[in-house]
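The structure that follows is given in the form of structure tokens.
Just so it is clear, A, B and C label the chains in written order, and each chain counts residues from 1 on its own.
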Amino acid sequence: MTAPGWRRTLVRLRRRPLGSAAFMVLVFVFLFAPLVVMVAFSFNSSPRLSFPFAGVSIRWYQEIFTDTLVLRAFRRSIQAAVVTAGITGVLGLLAALGILKVAARWRTVFLTTALGPLAIPGLLYAIGLAVFYRQIGVGRSIWSANLGHALIALPFVFLIIGASLERFRFGLLEAAQDLGATRWYAFRTVTLPLILPAVIGAMLLAAAISVDDFVIAFFTAGQDKTLPLVMYGRVLKGIDPTLNAIGTVMLILTTSLAFMAASRTTIGER
Amino acid sequence: MSIRGRVLVTLAALALVVAACGEDEPAATTAAATTAAPTTAAPTTTEAMAEAMSACEGATLSFIGLDGEAGETELQAWRDENGVALETNWPGSWPQFVAAIKVGDVYDLATIAYHVGPRHIEAGLFQPIDTSRLENWDKMFPGLRENSSLRGADGQVYGVPIAWGDGPYIYHPGRVANPPQSITELMEPEWEGRFTIFDSPTLVFSMLAIANGFDDGVGDRTNIDADQLEVVKEQALQILRNASAFANGYRDATDIMVAGDSDLNVNGWEAMLTWAEEQGETLDFAFFEESGGGGWWDGLAIPVTADDVDCAYEYIDLMISDEINAQVGENLVSGVVNSNSAEIAGPGAQIYDYDLVRTDTSAVSFRNAQPPEDDEAPEGITSISDWLDAWEEIKAEA
Amino acid sequence: MTESLSRRGPRRKRSRRGTSGEVLVAIDRRRKVAAWLQLLPGSAYFTLLFLVPLAGLAAMSFFRLVDFDPVPAFVLSNYAEVLTTSIHVRLGLRTIQVAGILTVIVLLVSFPCAYVLNFVFRAKRQLLYFLILVSLFGGYIVRIYAWRSILGRQGVINQTLIGMGIIEEPIRYLLNSMFAVGASLVNFLIPLGVLPIYAAMQNVSPHVIEAARDLGASRIRAARQIVLPLSMRGVRAATAFVFIATLGEWVTPRLLGGTKDLLIGNRIEFYFGQSLEWPQGAALAMTLMVAMGVFAYIIISLMKRLTR
């Protein structure tokens, strides 16, 4: 893949990217529209969530950053994200390594079964999990929620890994070993680089899912309230700009978390 | 693709963060367990202090229900005095509220609201309340105290009202020149896409039953037969088709109106006027002629999963005590339930007509407009399940 | 350079046949044991935290409801009720229709997106991919509410159009309509669609496209006839994603839809909260899961046939 022909090919393909650029701009405008609105209204000085804008103010941020409930929830959300990503990463990496070596039909079975959690409404799974925790005597805490978060992140892990297996060249591994490479060397130079981006991508998604989740946290986190729990507590009072401020903080949190991991691995690579 | 040691560095870094967070955890949980620091100094009440020698000393009360209805501000001073911590939880919706108690989560106190209360009582979410343990029970307006909607089929009391109101609809006077007199007007084409409605058949069906002369609007329960339900259903479908959206609560209905996306909300609350004012929009209220001053109440109940029942009783008693209940009424822009509180409450609680609740015969304003429960329905009369099914059908048909 | 699954199998066998010997058999066995050991933690985790709790719910779909409490039993009446209600047929058909339309939209955006990322802006692809994922963050509920500020009568779109003099009266049906529900769902699903397609597309070499272009194929033809079949696995995963997400959705119709836009997911909410009939709710959920599987299978098979 590092053949010198690459660059030439890319130059040729890039020759007329205008239409593509326009398309991507449109897609990004659409994708980021709700986030732009959220961030914008978090700086609106009026509590009103429609236009015209009254003025710029950081009062909603002052409000949330002096609110001990929000600050505590903020810390828990960070913790939940990291722990969930950790569990997902370890399980995902091991599973990815294992799944490379099993027969194709077993691979399909594993990858398909792992999609299960996507097919279940979150509320149902949360209730099932809460009942199960109670039966085995596990208390409600942020850790209980983390386990659930990692579980609902698993389908994404397997989807991403499954797709990346498409381009896994098994021949390479055998070739490396045939050429006398040690097991570890072959792993480090062939297997890992091929599956690690997928695993890290999955970890990022797991972190984001954990920060974003409401329903599992509600049933299993108990009084260890995360940011979404605090937010939902306020929704009935109406969606006020402090919710937008919390959302913006969450956005920064998840984005920097993702950036932290991604920048070390793939961004900027040519 | 080339190999990058940086990948491993990242993994190691992440692992370190995970480990660091793990170590940090004991500190985090300790912080979570400690009582929330007071953020605002609520006015202290001598009356509340006097009752402080209590079962609640140092307790942690867990509450599930509507924000602002657990004495968060009104009993802050009392809680600080007695080292009581209050944990509040709103599960996001009534379905999740039910689920949370049903899966066995421990809550000492819960919101009981008149419109879902009977279902929740029947579903076994709450334990019966021994009213002799509440010192302030007898001060409650008879119209509330004696009302059937806080009682289960066994006749026992399951909920203690802390606030009440009448049942107006709220509209935007700038966009509605002629406020409707009857709910049947909402079937007209001119109302298409202009109003929000709550996702519950009870009030709409019972008002339509009155409009058609199927029900006199007096006394508890709306008794209509299957043919009459068909007529009501057809009209409700027309109303539902005209409605722009389901409102997810009073605050939501207010926000939708303030944003200009609706001009009227069927079934409202005077507090919506205050909220809209805060956002620079003027709303007004009026009554459908079929609503008959149909009222609501919100209260407190003790879930079956409660841990600290003694403290729960004491807390409920405080919530309906003279001064505290006056504050509750003022803060919720609602009627007070304690007759002494009515004398001392602020303007927010004074817009209500307390004559409506002074005698138990005037309980008509709190009539439980729900149809009979399934096992109580007289021969040929439709029950709650029939109504819910009918509502679900027109929702699917709309 | 490019290998599809179908070509990989034989090649592996060939290499194995060529290097026979007891040592290799032993290595092979050891590798297999290692593989199963590596799969063990994930499988155990999945079983304990997903299958077991889910089995509890599945069991509940056969329970009997006594005084609003699900009592262990084995009755089929819950399924009978769930399957014969006209409400479910109606809402189910509506939901499938919506899911189908959304799938088409999401694929029509996601595939070109992944293509452009992978082949046109290759140098910046990681950054762009990252940005697409970032658009998923920020909190589910707040993002949904943000659409109200965009689509409302005094929202961004209406006010812009009025300001530009294109319309005089705000367009009412942007919000509280299936359009609003669809916009919000598509917004949330595009990143989830790009994800698997982009991942699958990594196995398509730009050289292949180059060759096709050299032979006179248009860019679109090259994408459709070469890239699409090679990244089919990703497209199938994206399809399954969209379908499953739409069939389980109930918050978005609630907050952005009108009174006419409820989906089948709202019925589960009804059973679990309003009517308190958990066994029926569980039965409906189980039925939905099977239905999802069947529909996803049908659509994916159709897609297979169309692209091969």
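The criterion applied here is as follows: a residue touches a chain if its C-beta (ideal position, glycine included) is under 8 Å from a C-beta of that chain, and two chains touch if they have at least 3 such contacts.
All values reported here derive from a predicted model rather than from experimental measurement.
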item: Overall pattern in which the protein chains touch one another (line/ring/star/complete/other); value: complete
item: Pair exhibiting more inter-chain C-beta contacts, B-C or A-C; value: A-C
item: Rounded Å distance, subunit B centre to subunit C centre (Cα mean); value: 36
item: For subunit A paired with subunit C, centre-to-centre distance based on mean C-alpha positions, whole Å; value: 15
item: Of all residues in subunit A, the ones touching two or more other chains; value: 1, 49-50, 123, 127, 131, 214, 232, 235, 239
item: Touching two or more other chains - residue numbers and ranges from subunit B; value: 95-96, 99, 259-260
item: Numbers and ranges of subunit C residues touching at least 2 other chains; value: 148-149, 152, 154-155, 269, 272
item: Subunit A residues within the subunit C interface of the complex; value: 1, 5-6, 9-10, 12-14, 17, 20-21, 23-24, 27-28, 30-35, 37-38, 41, 49-51, 90-92, 94-95, 97-102, 104, 110, 113-125, 127-129, 131-132, 147-148, 150-151, 154, 156, 159-160, 162-164, 166-167, 169-171, 174, 178, 198, 201, 204-205, 208, 211-212, 214, 227-228, 231-232, 235, 239, 243-244, 246-248, 250-251, 254-255, 258-259, 262, 266-270
item: Touch list for subunit C against partner subunit B, complex; value: 67-69, 86-87, 90-91, 148-149, 152-155, 170, 172-173, 175-176, 254-255, 257-260, 262, 267, 269-270, 272-276, 278
item: Contact footprint of subunit A on subunit C as seen in their complex; value: 1, 3-5, 8-9, 11-12, 15, 19, 31-32, 34-43, 45-46, 49-54, 56-57, 109, 112-113, 116, 119-123, 126-128, 130-150, 152, 154-156, 159, 184, 187, 190-191, 195-196, 199-200, 202-203, 205-207, 209-210, 213, 233-234, 237, 240-241, 244-245, 248, 250, 265, 268-269, 272, 281-282, 285, 289, 292-293
item: Residues of subunit B that touch subunit C when the two form their complex; value: 93-99, 102, 119, 122-124, 193, 197, 240-241, 243-246, 248, 256, 259-261, 385, 388, 392-393, 395-398
item: Subunit A partner contacts - residues on subunit B that touch it in the complex; value: 1-4, 6-7, 9-11, 13-15, 17-18, 21-22, 24-25, 28-29, 31-33, 36-37, 39, 62, 66-68, 87-92, 95-96, 99-100, 103-105, 249, 251-252, 254-255, 258-260, 275, 278-281
